[in-house]
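Once you've had a glance at the structure underneath, I'll fire off some questions.
The first chain written gets the first letter, and so on, giving A, B, C and D; residue counts start at 1 in each chain.
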Amino acid sequence: MAANLPQAMAIAQIRDENARTKTFVLDGRLEAAPGQFVMAWLPGVDEKPFSLAQADPVTLTVAAVGPFSRALHSLAVGDRLWLRGPLGHGFTLPERGSSSVSVSRPHPERGSSSASVSRPYTERGSSSASVSRPHPERGSSSVSVSRPHTERGSSSASVSRPHTLLLGGGYGVAPLRFLAERLLATGHAVSMIIGARSAAELLLVDAFTAMEVRLWLATEDGSAGLRGLATDVIAPALAAAPAETAMVYACGPTGMLRALAAICQARELPVQLSWEAPMRCGIGLCSSCEVGDGWLTCLDGPVFGFDPSR
Amino acid sequence: MTLPPLTCDFLGWQLHSPLVLASGIIGASASLMARAARAGAGMVTAKSCGPTPRAGHPNPVALDWGGGLLNAIGLTNPGAQEEALLLAETKRRLAPLGAPLIASIFAGTVEEFGQVAAIVAQAQPDLIEVNISCPNVGDEFGTPFAGSPESAAAVTASVRQATTIPISVKLAPNVPDIARIARAVVAAGADAITAVNTMPGMVIDAASGRPVLSNQVGGVSGPALKPIALRAVFEIAQAVPATPIIGTGGVVTGQDAAEMLMAGAAVVGVGSAVWYRGVNAFGQINVELAAFMAGQGYPSVAALRRASIRRG
Amino acid sequence: MTLPPLTCDFLGWQLHSPLVLASGIIGASASLMARAARAGAGMVTAKSCGPTPRAGHPNPVALDWGGGLLNAIGLTNPGAQEEALLLAETKRRLAPLGAPLIASIFAGTVEEFGQVAAIVAQAQPDLIEVNISCPNVGDEFGTPFAGSPESAAAVTASVRQATTIPISVKLAPNVPDIARIARAVVAAGADAITAVNTMPGMVIDAASGRPVLSNQVGGVSGPALKPIALRAVFEIAQAVPATPIIGTGGVVTGQDAAEMLMAGAAVVGVGSAVWYRGVNAFGQINVELAAFMAGQGYPSVAALRRASIRRG
Amino acid sequence: MAANLPQAMAIAQIRDENARTKTFVLDGRLEAAPGQFVMAWLPGVDEKPFSLAQADPVTLTVAAVGPFSRALHSLAVGDRLWLRGPLGHGFTLPERGSSSVSVSRPHPERGSSSASVSRPYTERGSSSASVSRPHPERGSSSVSVSRPHTERGSSSASVSRPHTLLLGGGYGVAPLRFLAERLLATGHAVSMIIGARSAAELLLVDAFTAMEVRLWLATEDGSAGLRGLATDVIAPALAAAPAETAMVYACGPTGMLRALAAICQARELPVQLSWEAPMRCGIGLCSSCEVGDGWLTCLDGPVFGFDPSR
């Protein structure tokens, strides 16, 4: 059985991403998929979940919003923090026939099961989701959008590369960069939408600009990119996509995820949402992260192929 | 290979599987308990509730240390009144699934145990599990009620008087002679025994020089608990052969479940396996148990139980 | 990286390592005990001896079940008189190695404990460990003497009267409140406490439907015991802070040893590690412990022990 | 940590080797080296050590000499027995510079140790033996010997193949066949001496005859091969060897092993002896298998590079 003891890692580098967000690069590595999370422990303070912004070296992007995230922000290079993980199910690639997510909402456990016992981690919950194929895109958008911030990716993108659309809000942009790198490395075309309240709160714009992705920005006050919500850019981004969209990925505030899930359901687009819920054990026992009708965010998620709260 | 049925009898109910969701694991919501039953549990146990709401301990509250788990959730619960509503809702959701519901209670004094039992009894759970083995509360010396035959019997009698619903008393592994405790609670009116609760333990992070759990100490469950639980169940089965046992501790596979039945359990509690294998653990263990029985020629759970080990 | 010294004080002796060969592991011959000391143990404990010779149980007597070991050797020993000769020979062989010798005794009654102590005392062991936690013998209820503060104290007092040699009382993990037992034995005259003995357990072979050990039940040691032992040592250290503890259970690596010292142990017992790593385990754990201390900036074992965990 | 739970295996085949020796071929396999042993358990009866005569499929060759071995002899095809193992250190190949045995007797533990922690099994006891190279053979034998039973091996044996000499007494011949196969497969020349009281008690003569080894037989009554003890054939076997002898291996009665160790010490030949001692735990804890000054047959052995009893 795989131990999940907290591992001490020292902070090797701290980057200010915006006024309230810092990225911590640690001196360790983990074998993990984008979308998986760790429980970060500061002895004597608290332990909370954070998505991996990178796994090698382990990198966390943290927005200071309350006591624990502020405690993390007060750390300096050389200080240690302790990580338990990786935990949960991360994003899966939109491979034909092997996608583990579905646009239609599965029901937790219907008694189907397999008799084989393998390593605990890989076994967890992998059998309950059904597979459905995305539909060709339809309906051109009527939303007025700003031009994509960068279109550099389009020059080398061939129509044969499956297209993926990523939506990030708040710190959620960070794990999507980790995902975007994996998608690009496996031959996918990537469109990325970054949403924020204002230009000052946009995250990782430079990092994405440097990548071969079609980047779209949305700010609520219009100080950068489109004035509006990240979800408002979906239609133009899909319309400008080089091919039909094989998967929509998102990480960010619950409101954004819910709205996105509704849009994708209407458009019959497959989606993977990185969900958030208050976590205690992080390993599927305490029920505190339950969402909707019996979903465990830590064990079944945090990435779901549907809106788990409905 | 046609698989034998897993149906079995427990206190007169006909269960479709001998697996029981153990208390404290995904037992804080009706939807999760119903999910466990759909996944294959024959009965489900709610998380223990006490007289008043408790938030539990700050994080970290649990971890996998390699040989098993350690937890100190801190008996998080909404209090008995709220719990009764939750139990009623859960019962409603379990009814179509044919899975009996076990309520679980704890309290700080002998009298309070009876009071909490009376409150949760309003929801008409099928069985009330009396958790006398929680390490946070105890007798005048601070010893859990499960620690002595006298206090264990006193709690049992108090609950017995408060309700006509069948009761199972949940014992602790950290006692010198669990058979004595078992005899005492049966004499005081227990219909069944649940064995065992977690074993007191501590995990230290050497790099920080601190215990990992905020509560410093916690309870060991999972694979490391299995030999301890098997022995406890074996000793109890020899001591009170007429009393059915919910054998609990470290069951992760169908073979583990078979061993627990061989040790003398009537049915098999499953908790930590949810971490190791997901909520689907129940269905997986069912299939493995049935395959084991087919391979060894046991036509039924009753036949497997008849092969249980005698003191020799 | 220069490694810090591992020398440390225990009851006035200056040990060259905090590692102690635990009782019952290669402790039945002078040559093997000397070998453990050469390999790096700072002290060695002989196998427990009782009043009269015992052959022990038939095979199987031990196995590795994955999370740890289970054994029921059955207190094989040559009886106290023969043991005294063995101890004298062992002491002679340990002298040039600078490693104190711990005798270990058990008995069936309080009085017999004193008698056995008086006999082995003739060999002038440096310490007598009083094994009140063997599961084969006990009080009038069959409970091991380690199971209640009263019987534990009575045995301690009996040995205390029989000899002037320092004594350490060895406690069992399967008690509801080990701190109470610790206070009782210290009040009755124990100079030190050894914690813990094995945890009662059982391993069942599902294919044969039988317990593997001929004795059916046995004692769990090794990695699965570590969190249980750490908690016991922690609770004892809080209860009797002036009494040194031989912290024993599941120590296989240098980091395990560091955790045991952090929990409150003065020195660290090592038993099952001999299976996992050979008799060289002592030397390997020493090097790892020193490397850990160097990496974390602990200049000495005393400094590491000062960082031990307080109840918070 | 590696579990060592007893594993049930069914008897697939039983062969009578001689009047009191049977070979049991089981329906399982183990990853093991020649010279390693298993604890064989019959529930309700007893558990005793047996050398592996083969690891794939697991094969045991058992001489009926007392209650447990007679209980094994009473089993039929289809019956099960339970094995715990493989246990102990087996024979090592006589590779240049990596031999883990020594003609000079090491002393148990001198405090040398390594800080690395790896899998328990491979770590056990491996660091306490010193290495010494074999010397060129010297002194021609004066013992009168029968011609080797077979010399088929000599045709294809080149002088460049390192030569090894194997001595088997009683059931000890069986694990040496397992070893001989490994030696031949790794390019060694093999001479094998089989000793027994009489021709009727010789073991596995046909099996060795079929292999590419120089086979020598010795019987105490002279009913086959040389009249004498297995050790009496050493000198002629060495003299007839195609090259200097890189290692002498033996398995059999303690008396034979002691005599052999003395001969090898005198001739400065490296030797590996599979020792026997009463075992209880089989895993280095109970001391019952101690031999000599602190050697554990189960954990340090059963194969020693010297006479552990001296």
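The rule is simple: a residue touches a chain if its C-beta (ideal position, glycine included) is under 8 Å from a C-beta of that chain, and two chains touch if they have at least 3 such contacts.
Quick caveat: nothing in here was measured; it's all calculated off a predicted structure.
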item	value
Intersection of the contact lists for chain B and chain D	C
Far-end chain from chain B, centres as C-alpha averages	D
For chain A paired with chain D, centre-to-centre distance based on mean C-alpha positions, whole Å	60
Rounded Å distance, chain A centre to chain B centre (Cα mean)	37
Geometric centre distance via CA averages, chain C-chain B, whole Å	33
Chain D, residues touching no fewer than two other chains	none
Touching two or more other chains - residue numbers and ranges from chain C	65-68, 203, 207, 210, 223
Topology of the chain contact graph, where touching chains are joined (line, ring, star, complete, other)	line
Set of all touching chain pairs, with the criterion as stated earlier	A-B, B-C, C-D
Complex contacts: residues of chain D adjacent to chain C	1-6, 8, 39, 41, 43-44, 46-48, 80, 82, 84, 108-115, 117, 120, 123-128, 280-288, 290, 292-294, 296, 299-300
In the complex, chain B residues that touch chain A	24-29, 31-32, 34-36, 38-40, 47, 56, 58-69, 71, 73, 76, 203, 205, 207-208, 210, 212, 222-223, 253-254, 271-272, 274-280, 282-284, 286-288, 291
In the complex with chain B, residue positions of chain C that touch it	65-68, 70, 138, 141-144, 146-148, 172-177, 180, 199-204, 206-207, 209-211, 216-217, 220, 223-224, 226-228, 230-232, 234-235, 255, 258-259, 262-263, 292, 296, 307, 309, 311-312
